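First comes the structure, then the notes that go with it.
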Amino acid sequence: MKKQLILNMAAVFLALFMAWLFYYESLDLPKVAYQLPRMLTYLITILAIILIIESYLKYRKTTEEVQEEGIMVRRTFLFICSIALYIYLIDFLGYFITTPLFIFGSMYFLKATKIRNILYVTIGFTLFVYLLFVRFLHLPIPLGPLS
Amino acid sequence: MSRKRNHIVVVLLIVALMFTLIACAKPTAAPTPAPAPAPAESNYPEKPITNLMGFSPGGGSDQLAQLTVPFLSKNLNTTFTNVYKPGATGAIAWTELAKQTKNDGYTISVTPTPMLMTNYIMNPDITYTIEELEPLANVVTDPAVIAVGVDSPFKTYEDFVNAVKAEPGKVTVGNSGTGGDDFFTVLMWEQQTNLKVQMVPFQGDGPSWQAAQGGKIDASFTNLGITYPQVKAGNLRILAIFSAERSKLLPDVSTAKELGANVVTGASRGYSAPKGIPADAKAKLLDAFDEMFKDPEFVAACEKQGLEIDAMIGDEYGKFLKDNEAAYKDIWNAVKDQYKS
Amino acid sequence: MENVLLGLTNVLNLINIVAIFAGTAIGLFVGAMPGLSATMAIALLLPLTFGLPPATGISMLASLYLAAMYGGSIAAILIRTPGTPAAAATVLDGYPMAQKGQAGKALGVSLVASLVGGIISSIALLTVAPILGKIALQFGPIELFAVAVLGMTIIGSLSQGSTTKGLLAGAIGVMIAMVGMDPISGAPRFTFGYLQLFSGISFVVALIGLFSIPQAIRLIEKDIKLQKANKITDKMLPTLKELKTMWVTMIRSSFIGIFTGLIPGTGGDTACWFGYNEAKRFSKHKEKFGTGYPEGVAASEAANNAVVGGALIPTLALGIPGSSGTAVLMGGLMVHGIMPGPTLMTEYADVTYTLIWAVMLANFAMFGVGLLFTRVSVSVTKVPNKVLAPIIVILSVIGSFSINNSVFDVGLMFGFGLLGYFMDKIKMPTAPMIVGLILGMMLDNSFNQSMMMSQDDYLVFFKNPIAATLLAIAGLSILQSTPLFGFLRSKLIRGKNP
């Protein structure tokens, strides 16, 4: 349960950080605008302290380490990074270059299915999005160099 | 593996079905643009014009776009594409229009007054100004009104004023939101009459007049076109109208001017383009608006929707925007300290 | 009465029936796609209906609106991503059912519940609309504040496992809802200078991120074969016996949906949580909720479809839109030259009653088309996880983009996705955060408005009969959950003195 404790502490830290960042931002605001946010800051602080105590007590009681098995950390991490990169690049390369790259790249990396099927999915979905969103709905999707 | 492929086929079939449906729906409505007869001087417009919208579908700007686009596309012999980029009360779209959009005449935007100016007057984070835009034309103006529920004790404008005088700052008056047109109407009215009411901002005109009709607040400063159906049905009563002359819709209602409060204001909606569009494009756009205003069909369509045409084209519209900018700046500077505490 | 029959004969016209079926099919599709909303589809299809007679065009759009409410549950059940905000509560029991290999059953329950909710609300619309419509006007800021408070108590009951973590998630949700221009003072709050945050964080963007990105990551993080292609042997439609256990819940949720729809400012996204919460409160098997319990699906789906009829009541009776979807529909009426307002049911009775019958008929169209559509869409469960994960990602990206046509929102969606994944790892429930996000703004805004209207009198909420009643119910809900607090305290004390 040690891992759970660390994660809980991370959550507490994140919540407190957010709450006090918002508190700091509220300093310049008029009263009607800061009332509720400040009350929330106090509430979050109290709840965070309770959570610290709660998880500390839980951690003391249980001694055995329960391992959450089977998570492929490297693969998961790389997948998350590839999503981030994909979204980041939309602004520069345009949606219709990054999307097929992402579908093909991530499925190939995950060894999702046969290459031929991956190609089908890549082309199919890109075409589907193009027809529906650009051709029919006329959404201003960033096209990048393709525009 | 063939099973998997079958499923892909099935999915593609659904997609195909969707598009057939869509394709079936399309030709019934969208009129196919006739091949353009080549004009003498220039070929503008050669492609569809983008109409950049600062608000979500369904609002006042959208209403104006849906109303005007059929006429404008007829007069310009092209099609229009409405692109919605809502956010920051339109500021996202207008910042883009002023700073990023190519000034080739193929992007225009619905620009409502006073929102277009009050955005940057009130928020230093919003950086575009009307100097960076090319005003094309104002189309409609919806005059501001004071509305009360039909059961309200205020039968006349005088009743309302007397109540405000008796208890300064206690009479509750709704508006469509801080920074909106009705918010400024209240401020202008307060300045002119030296009276003070308790302003209650709502999120939009609807909640504001509904609260007045339900007796939740004492009165609502709102607009004529929005409330007219309710007035006609006898659910709301209009105490005064902030137009220069009495409205054709309600000839019995006195203007604020007649009642001693010299305020003429409302919510106007028009079109603007980025600064520096080609001269021929500008001329053609202005002509298209001019032609639209003269079209009896357009006049009839506006009347049907309870909209009052307030035609101002080109420089006249530009001057209107500038005058408004100065006026709203003054009002905001006079009251802004109350909103910073 | 004459008008009612006239409407019925009008609607049973070939072109109207075709329009209703077309609207239903598009609605199902739009609902099932995360990010495509009924509101948006109505707005985009509006110009296409110009060529049709007003009653036909508007009927088509209304059936689209109705079908999208059911469509939202398809993605919620199959890929744990609500297709519309109104299906967020459906995820809680719908997805666990799919994991148990009962995807078909979950969708069937959802479809039946949607049908029941839709029919009950259509009947209300047809018969008592003018009376119920008046209720909409009774809800001003003071009453809305009480509704928001009542909604907040749902957070408590959604916080199984760790109450502290649930409350914390709820509080963070409310806090995130505060981002954007403060409606009272006009001052930008917590926008960090980003213009894109001035209108606040779009709720749908947060929802897509919180649900779909974590789901995509979960699908690939392990190699274990999750619920491998459990041949869909389960029947889709629930048996009569199963229906018997759920009909009370469905009817209760339908009424909750109608009333939530009536109140301007609350719609399907709120109704599904109210429906779910009340079903749980009255259930004998509270502990089964959240584990793949069909009643949970039925509760939220009946509620969100009943919203359609409920929201149309004030729209048609008074010209007050009860939700954003009906606001766009109202715009549609205007384009067709019909001034929405109190005269709709008298002056334009032919169009209005045709529309009402169309909504009624659309329920059956939805059931029929839904059965076909669902049978096909269940095959999504047979797609390998590693293929599904990237597809979920690209759908989330395009979905979050299309709400405001903003790439910024896509980044925001991904941020919420990471937050959701992290919350999942520390077993912090996301549902309370969503309730906080929905109601946070309403809580803040209506409170400040009430204070302005009453010259800072806090007692105003207790002087108002509707608000006082709602607050009393809220108080009762909190009292009900106190054993939890007591349990927590005893645990703390025991821990300190071993």
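By written order: A, B and C. Residues from 1 in each chain.
Assume a residue touches a chain if its C-beta (ideal position, glycine included) is under 8 Å from a C-beta of that chain, and two chains touch if they have at least 3 such contacts.
From a predicted model like this one, the values you see are computed outputs, not experimental measurements.
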item: Pairwise touch network: line, ring, star, complete, or other; value: complete
item: Pair with more cross-chain C-beta pairs in contact, given A-B and B-C; value: B-C
item: Centre-to-centre distance between chain C and chain A (centres being mean Cα positions), rounded to whole Å; value: 23
item: Between chain A and chain B, centroid-to-centroid distance (C-alpha), Å; value: 37
item: Centroid spacing, where centroids are CA-atom means, of chain B and chain C in whole angstrom; value: 30
item: For chain B, residues contacting two or more additional chains; value: 4, 11, 18, 22, 83, 85, 339-340
item: Where chain A touches two or more other chains at once, by residue number; value: 30, 113, 117, 121, 139-140
item: Multi-partner residues of chain C (at least 2 other chains); value: 44, 184-185, 187, 384, 405
item: Chain C partner contacts - residues on chain A that touch it in the complex; value: 4, 7-8, 10-11, 14-15, 18-19, 22, 25-26, 29-30, 32-33, 35-37, 40-41, 43-44, 47-48, 50-51, 53-54, 57, 60-61, 70-72, 75-76, 79-80, 83-84, 86-88, 90-91, 95, 99, 102-103, 106-107, 110-113, 117, 121, 125, 129, 133, 137, 139-142
item: Touching residues (chain side chain C, partner chain B) in the complex; value: 22, 25-26, 29, 39-40, 42-52, 136-142, 181, 183-188, 191, 193, 195-196, 198-199, 264-265, 318-321, 324, 327-328, 330-331, 334-335, 337, 339-343, 373, 376, 379, 382-384, 404-406, 445, 449, 452-453, 455
item: Residues of chain A that touch chain B when the two form their complex; value: 30-31, 113-114, 117, 120-121, 124, 128, 131-132, 136, 138-140
item: Interfacial residue positions of chain B with respect to chain A in the complex; value: 1, 4-5, 8, 11-12, 15, 18-19, 22, 50, 81-83, 85, 339-341
item: Residues of chain B defined as touching chain C within the complex; value: 3-4, 7, 10-11, 14, 17-18, 21-22, 24-26, 28-30, 56-58, 62-63, 66-67, 83-89, 91-92, 95, 122-123, 125-126, 170, 172, 177-179, 198-203, 206-207, 210-211, 213-214, 216-217, 228-230, 232-233, 235, 301, 304-306, 339-340
